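Below: a set of structures, written as structure tokens.
Both complexes shown next keep subunit A, but they swap its partner, so subunit B is in the first and subunit C is in the second.
Showing the complex of A and B:
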């Protein structure tokens, strides 16, 4: 009797629950504020770099320069002017140190990460933990010991001191990151290659390395940016003007009497260009899931 | 093509034996299946032959060479992996060309051989695609193609069909069998599916716990399993095994159950059980050799129906007999119900008897 009653009843249409829109809007507003917070300094940097020294100091501030000028940029990029000559020298120094750090980091991290991923050797876990230990301390802790070490090695006032230091800081994460990539490449691909006639090295070179390209690129960007932006070690290890890197060098815009804000902002903008370009060019490699379809899981 | 000989092959990890004293000969042109449950050592054995893992002791002979210390690339083998292991960044053509490229063949010869192999496997139209653009069956074919393009001495196959759906698996099964016949290839094929082994292989090597249990033709393994493991592993549904006690009165041997019934043994079977190490004997019977009766008859033993599984042309019945489950197959015309009392009749010429202690088959001589 009860079952009949139930059967004859019309199914009830259950409406989708409303009322979460409030949260959704709150989320949107929060994210918009967050984006504004992030973009504002960059916007202000660009705007200020287009102003004259006088316009930059005006109050209330101009949100858009009344007469925008590129003079600040020309000054920085003029190899014959005193400012331009120094700026381009710093730029070149930074580029050299960062590229060298990146190339060396990849050259060391790739085989190291591969070894941690594929080989079982005594002390493997300990070593893997040990390389991460560095990252548990703030960089500044190592400043004095490393300076003493560099002095003993005669590396103070050379770019070598910075490259070595940046490698020390960059490699642990690079190895960790790349190991994750190698862990995800099925070992059967290498085994197949070795059966197909490749040596272990050829299997790595022809099969595994191309598949880890996204990892290598991510590692490169990470190392490059770390070296490009680093300040405190560059400030400590280098005292000669012609050796300085950009973060240290652009301090010259702060002088005892006045700060050349538009010049400083133009220099900062130019300094961020390589990093932005690097990201734009290489970002597709981050997204591309190369191993997709390699094997069935 | 070549012969493969494994002599007392041992692989240990610490104190664990992954493969223990495995010895077998794969003749030139033979299709041998290594079969067993997960962790039985079959894949380890295959990887030892391939050279992907080093052997602990023993010898591997391929053709006329002892290859123990050779790199995989120098063993003249080809391998098909369970997950196909196609190079994802390369096209099908480049995948097939890779083994030839590594052997530094001239370009036009590589091109010719790749197209030849592609034609054999009917994948010519896929040559420019990447592996991820292929279906499972097509990937499988490319994997086979990469193996055969080089004309190796031995083909090693590690569960090549287990990633395919049921229908495709049956189709590829016959294709691989055809592939073997056409090329007269020496093949070592690892599978956990005894049906694949029985249907495809010339010989099957049943493994368990790192030990080779039995190495013979599928027909012989099916008809004369050497022990209870092989008996229960090969055949579907599995052979039923009923633990019983041996008794004898007035010179007549019989198997008795705790339930009280007893099954008199034929003269030949009595000779078999005479060699048992104790009075514990296990009765084995395949589903097709057991008759089911609805009424008690001479020589029958009582059982109770547990489940009934009609499949269309055959109905499988599981019944409780002396505490064990027994599989019986019936024509669909016979209707039985769960919990029904039935009587089972065993064919004395076709039952198997095992030593309850050693689990080994009891023989008449």
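Showing the complex of A and C:
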């Protein structure tokens, strides 16, 4: 009886395993090609940044730099040189704007997300949708009116104009992400604290906040990356050279005269480092939070 | 104690019948709740409601190049007529459709493939996922410059590689050529955003019950059948959200075409947003630019309706309180 069962099951199992293997190999090949496609541009960016201007302008190209040099990086990071001074200033500007945006976004989004998750006030759905809809509109729609608004507020050519603007496109996603986290924290925990005599605020601060730390981290990364990479508002609002952020600044640098490709590649590399490092270190929070709202548990 | 809590506490007391409060009473009772959302609403009002109102107004006026608002003249729907009768409008619209549809299709396809390939646990999976996500994290400005250099007509790595592999005789002119420029930019865009689709779908895959897949396997379903009849239906919700977000994002693209080609050569990579930007900021035709923006608004609101619906599906039943 037993041997019969084994015998009859055997051919099926072999066939099935072979089938799976075929698909698994297809998956591996696909993944390899995709990784190649993904890293090839980044690889070339790094290779080019290690060349001199002369070595970069050769045909056929040197696939590996004949005499690799870090000169491009030293030039960008040298606070005494004119190139380095500008680059470091742009870097600092970007850092300041991004950090300020992130801190403000979290401060504003936390109470709003909590309210959207817990309270049932009239107009709640309407307001929530209105906030989400902000993400549907391209920057260009807001550019002219915001420019005039900034003129009225006296913020043109200040970092304040960027921080205020970035806040609005960081907020919708921040609120949405955090609301997802609060929705998943059982309300019974807070109720228990309330019964023990905690005020609503105490319950929030001591119970909900610690549990939503991953959400706050994710929200912060998202705001930071969004602000760090933003281009169109910074390009339009800031005309003063010493106020510029990196995406705008490096353009101004290298499009004048003939483009210095190795220098530009070194600059794009340095510009990508903070966000990539931040992202890779905190990847799990980010991925989890981003997908939290899209997938119902 | 808010009314909501009171009701929650007394809900189980026999004989307690909650009174239906009027709308005004409801607002008054939850006045404290509004404090939490007030800062967010305030910021959004200033920076969103006002610009929307302003854009609509501007679209019915002829505003001088200096943007001096005192001198603007009402001209009815002239701006809209100008747009819809212009051949450039139809050309740009067609290019926007090609850009949006192809970018979304390929980004979704690559993202789905990557999500399926990365679904199984294996050594280095997290590393690969991180690697694949880098293009999505870095700035579009950096990506544009890197690809511009890769596509360079004389010293570009891609052109040179194709020649060395014997695929072409001479380096291809990727972005200085009006027939290939748009497609070359679509490749960049797909590179930049496919991993967004990947993480969304990876999360979606985790909701597919293993038991169902095993049951299908026992019933003799091959891998394709299992994907098509079990996995794929479970992904429909997250796929809808992902595709909608990709469509919106692609329709609103600006940086890649603006930096890589500036809409050229001969307008072949001009899409809606770059075109609006050019009309408003380079040619100071504020009224026409605003009218374009209003049309865009209408399209986005339509998409937004579906987005919010897909996003908040089941939200009411899930939330606490």
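Please note the rule applied: the second predicted complex is superposed on the first by the 253 of 297 C-alpha atoms of A that agree within 3 Å, B and C clash if a C-alpha of one lies under 4 Å from a C-alpha of the other, contacts with A are read in each partner's own complex, and residues count from 1 in each chain.
In this section, contacts are C-beta pairs under 8 Å (C-beta built on N, C-alpha and C of every residue); 3 or more make two chains touch, one makes a residue touch a chain.
Owing to the predicted nature of the structure, the values given are computational and were not obtained by experimental measurement.
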Partner chain in contact with A:210 - subunit B first, subunit C second, else both or neither: first
Touched partner set for A:243, first subunit B, second subunit C, both or neither: neither
Subunit B versus subunit C as contact partner of A:220, first or second or both or neither: neither
Partner chain in contact with A:189 - subunit B first, subunit C second, else both or neither: first
Residues of subunit A touched, compared between subunit B and subunit C (which is higher): C
First (subunit B), second (subunit C), both or neither touched by A:45: second
Contacts of A:199 with subunit B and subunit C, given as first, second, both or neither: first
Subunit B versus subunit C as contact partner of A:138, first or second or both or neither: second
Subunit A residues contacted in one complex by subunit B, in the other by subunit C: 186, 290-297
Subunit C contact footprint on subunit A (complex, rising order): 12, 16, 19-20, 23-24, 27-28, 30-31, 34-35, 37-39, 41-42, 44-45, 48, 56-61, 107-109, 111-112, 114-123, 125, 127-146, 148-149, 164-165, 167-168, 171, 175-176, 183, 186-187, 225, 228-229, 231-232, 236, 246-247, 250-251, 261, 264-265, 268, 271-272, 275-276, 279-280, 283, 287, 290-297
Subunit B-facing residues of subunit A, complex: 186, 188-189, 191-199, 202, 206-207, 210-211, 290-297
Partner subunit A, residues of subunit C touching it in the complex: 2, 4, 23, 26-27, 30, 33-37, 39-41, 43-44, 46-48, 50-52, 54-55, 58, 67, 69, 110, 113-114, 116-118, 120, 126, 128-135, 137-143, 145-147, 149-150, 152, 154-155, 157, 160, 163-164, 171, 191, 195, 199-200, 202-204, 206-207, 217, 220, 222-223, 237-238, 241-242, 248, 251-252, 254-255, 259, 273, 276-277, 280-281, 286, 289-290, 293, 296-297, 300-301, 303-304, 307-308, 311-314, 318-321
Subunit B residues within the subunit A interface of the complex: 50, 52, 71-73, 75, 77-79, 81-89, 98-99, 102-103, 130-134, 136, 139, 146, 150, 163
